[in-house]
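Please go over the structures that come below.
In what comes next, chain A is part of two complexes: it sits with chain B in the first one and with chain C in the second one.
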Partner chain A sequence: MANETVEIFSDEEKDILQEIMNIAFGNATADLADVVDIYVKLSVPSVQVIEIGALPEYLRTTIKTDGTSNIIEQKFWGNFKGSGLLVFPGGTERDLMAILEDQDREDISNIQMAALEKGGLLEIGNILIGACVGKVSELLDTFVTYSPPQVLQGDTNNCNFLIEQFDPSQTAIVMKTLFNFKEKDINGFLLILTNHESIGWLRKALKNFMDSYE
Partner chain B sequence: MINKILIVDDSPVARRMLRTSIPKDKGFEIFEAGNGQEGIDKFKELKPDVVFMDLTMPVLDGYQATAKIREIDKNAIVIVTTADIQPKSIASVMELGAFTLLKKPAKAESIVEALNKVEMKLKKLRENK
Partner chain C sequence: MIVSQIFDMLDAGIVVLDRDLNVFKWNRWMSTHSKISAEEIVGKPLFDFYPELNKSWFLRNCKSVFTFGNFAFISQKLHKYCFPFKSYYNSLGYRFDFMQQSCTLGPLRNDSNEIQYIYITIQDVTEIVAYEQKLIEMNIKDGLTGVFNRRFFEPRLEEEFQRHRRYNRSLSLIMLDIDHFKHINDTYGHQAGDYILKSISLLVEKKIRNVDIFARYGGEEFCCLLPETSLDSAKVVAENIRKQISDETFHFKDKEIRLTLSQGVASLAKDIESAEALLKKADDALYAAKNTGRNKVVALQ
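Our next item is the complex of A and B:
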């Protein structure tokens, strides 16, 4: 995989992408803090280039929990094309909903509660993925359009469903940021997956970005 | 007057972006560190007039490094440059004694403005000595 990374992106290009991801996720958390009273502890992002064939295994080991995770996915299109995946451990959906709602919801049915929890996941996903991808696009001087976010509550031992959009003969760029919702002590992470088609454009956009600082 | 500037950031790209945005005609000596601990070590060694500090870094983050630097020198001037612009993050670093905070990517004009304010602060500090 290391050789593959060197072939696709230079170390400098990876560093630029990493810094752009850092800026973008920082902005996204500030957007979330505008809407709800939450503090998000950030970590240093990482950028990897992974062969599609190895992606399910990467996702399986990255999304490792007790077997279930809450995954919010939002696709985006443009010069920069791919998917944002926001991943929380299974069982945290009620706490996540509580971040958005300050009302007591104990009087409602389980079905209504499940719908609210799903709504909470979608809203958090929409803000974090949308703001992060949007900022990456802004910094790289392009724009993207988005699909509506969707909650994938699947068996995370089988991540093949996440990679259907990728050509198996190609590579994916995986940008990953870990975070922690401090008050709720919920860990999660954001993955931005972009496919081979974006690589040529991305390389040029990264060069233009840095050239503006020469 | 500012002579030495220390940039503390784990990202070589972020350091380069900042370095190229600092005016070149002022003759500043610019030094770099790759994490908070290295930043503290270089602060002790070089005694810079101003430190640009990132927050999210491995080994030692910018919060701890800012606190330590201000402990070493209560007049140390630390400008936080960060992508983490959540209100609570901003409040925390200002409580630690940061001079100001610049949102990443910091624009050249904001950097110049901040450095002008640092010049004024240094002048006052020297007058009060």
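Our next item is the complex of A and C:
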């Protein structure tokens, strides 16, 4: 199986994708600061090719699925298609809300707070996933459309539906980056999962990307 | 064009804005609710008509759509509404000043795939919000008196207990019980009893602050949690309530009813290690008040 994976996606291609992500996330960071006043630091991303069978275990160990993480999931569609997953540790909701600091906060009861925090998570998730996926697509000379983001409760069962969208005989590309907000001490990470169907297209796009430098 | 007919017939608002946030399209739904016709607004800056949208959250969403080509979802929960349209909804006991809206923003690309415009769709979710509020209310309030119920109170007591202990702040709890309530029911009937429970709830609510949590704990027993309040201050509050109730004459049909309250007060202290222990202490104080003559406030140090 391992050999097949390498055939599907070579180490060189992985390196190129990593490079693209690196540039894209750099652009995303700059634009987030410039355009929407969100100051976020993204680590050098890592790219992994994972067989679908191993994906549940990967997600379980990567996302601390002890019920305390906040996970925001958003699907994207196009030539480049898959899911973005943003994972924040639990208890950071109110600090995240402060990043969207302009909210009208008067007369908010505790009951409404929970709904607000969810809304805030969705808004942050939508912007971060949109910025990162958008910039990767831009470099690959394509564009994607999105489904509304959703907040997943932090337990593994809820991750299963992510896996269901993949054919078990296939391979997924998982791109992972750590991020932290400069003004708030919030660390989290972003996973971009893309499936087999995108791989053929990705190889072509990566080749075009490299050709433009030669 | 068949598709373009949908634009005006749809039961939702559609607005298209250019990169300078001038209105490019304004569908009939928008005209109907805004009372601004397409002729009036098309070609003009949106903020000339809706200056209240010239805020960072709205600009952030527009800019993010133009820059990243993503979608932005402006939820009713966070923002209540985008466009201040009058709401005619009036049901389930709710009225809203403005139509509650759920909005989506997205990119519109030209033939060369550049984002030239953004669209905003506006959905009226007022009725859903009303149902939601009703459900929340039914879940946390006592149906008879309208004050919080026990289901709401207990987790709040736990939360406040943890928070006040962590920051070493004072927190007090009053337990209130109507004296000889069974006698009122037996003498004047259960409707009178219900009336008394409602009246007392109203009177007590007027004597406490907004931050205090007043709940019906069961039967004729109530709890009042007073954040950031010392035992001495809580005693003053309880004494005020006691006096107000014992001075009051309640009128039910042609009957005059007089009654009194017994109250137990307790505060956070070193020896109280749990929310239940605080409740227990206030309850012990209440029993002491009952056993030593009623119509009184007993505080346990």
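In this text, the second predicted complex is superposed on the first by the 189 of 214 C-alpha atoms of A that agree within 3 Å, B and C clash if a C-alpha of one lies under 4 Å from a C-alpha of the other, contacts with A are read in each partner's own complex, and residues count from 1 in each chain.
Quick note on the criterion: a residue touches a chain if its C-beta (ideal position, glycine included) is under 8 Å from a C-beta of that chain, and two chains touch if they have at least 3 such contacts.
None of the values given here were measured: they were computed from a predicted structure.
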item	value
When chain B and chain C are modelled together on chain A, clash or fit	fit
Comparison of chain B and chain C by chain A residues contacted	C
Contacts of A:D15 with chain B and chain C, given as first, second, both or neither	first
First (chain B), second (chain C), both or neither touched by A:G130	second
Touched partner set for A:V40, first chain B, second chain C, both or neither	first
Chain B versus chain C as contact partner of A:M210, first or second or both or neither	first
Partner chain(s) touched by A:G84 [first = chain B, second = chain C, both, neither]	neither
Lowest inter-chain C-alpha distance for chain C and chain B in the superposed arrangement, angstrom	14
Contact footprint of chain C on chain A as seen in their complex	28, 31, 35-37, 100, 102-104, 110-112, 115-116, 118-120, 122-123, 126-127, 129-131, 133-135, 137-138, 143-146, 148-149
Chain A residues within the chain B interface of the complex	12, 15-16, 18-19, 22-27, 29-30, 33, 39-40, 42-44, 139, 210, 213-214
Residue numbers on chain B that touch chain A, as the complex places them	10-14, 16-17, 20-21, 56-58, 82-89, 104-105
Complex contact set, residues of chain C against chain A	55-57, 60, 63-64, 67-73, 75, 77-79, 104, 106, 109, 113, 136, 140, 156
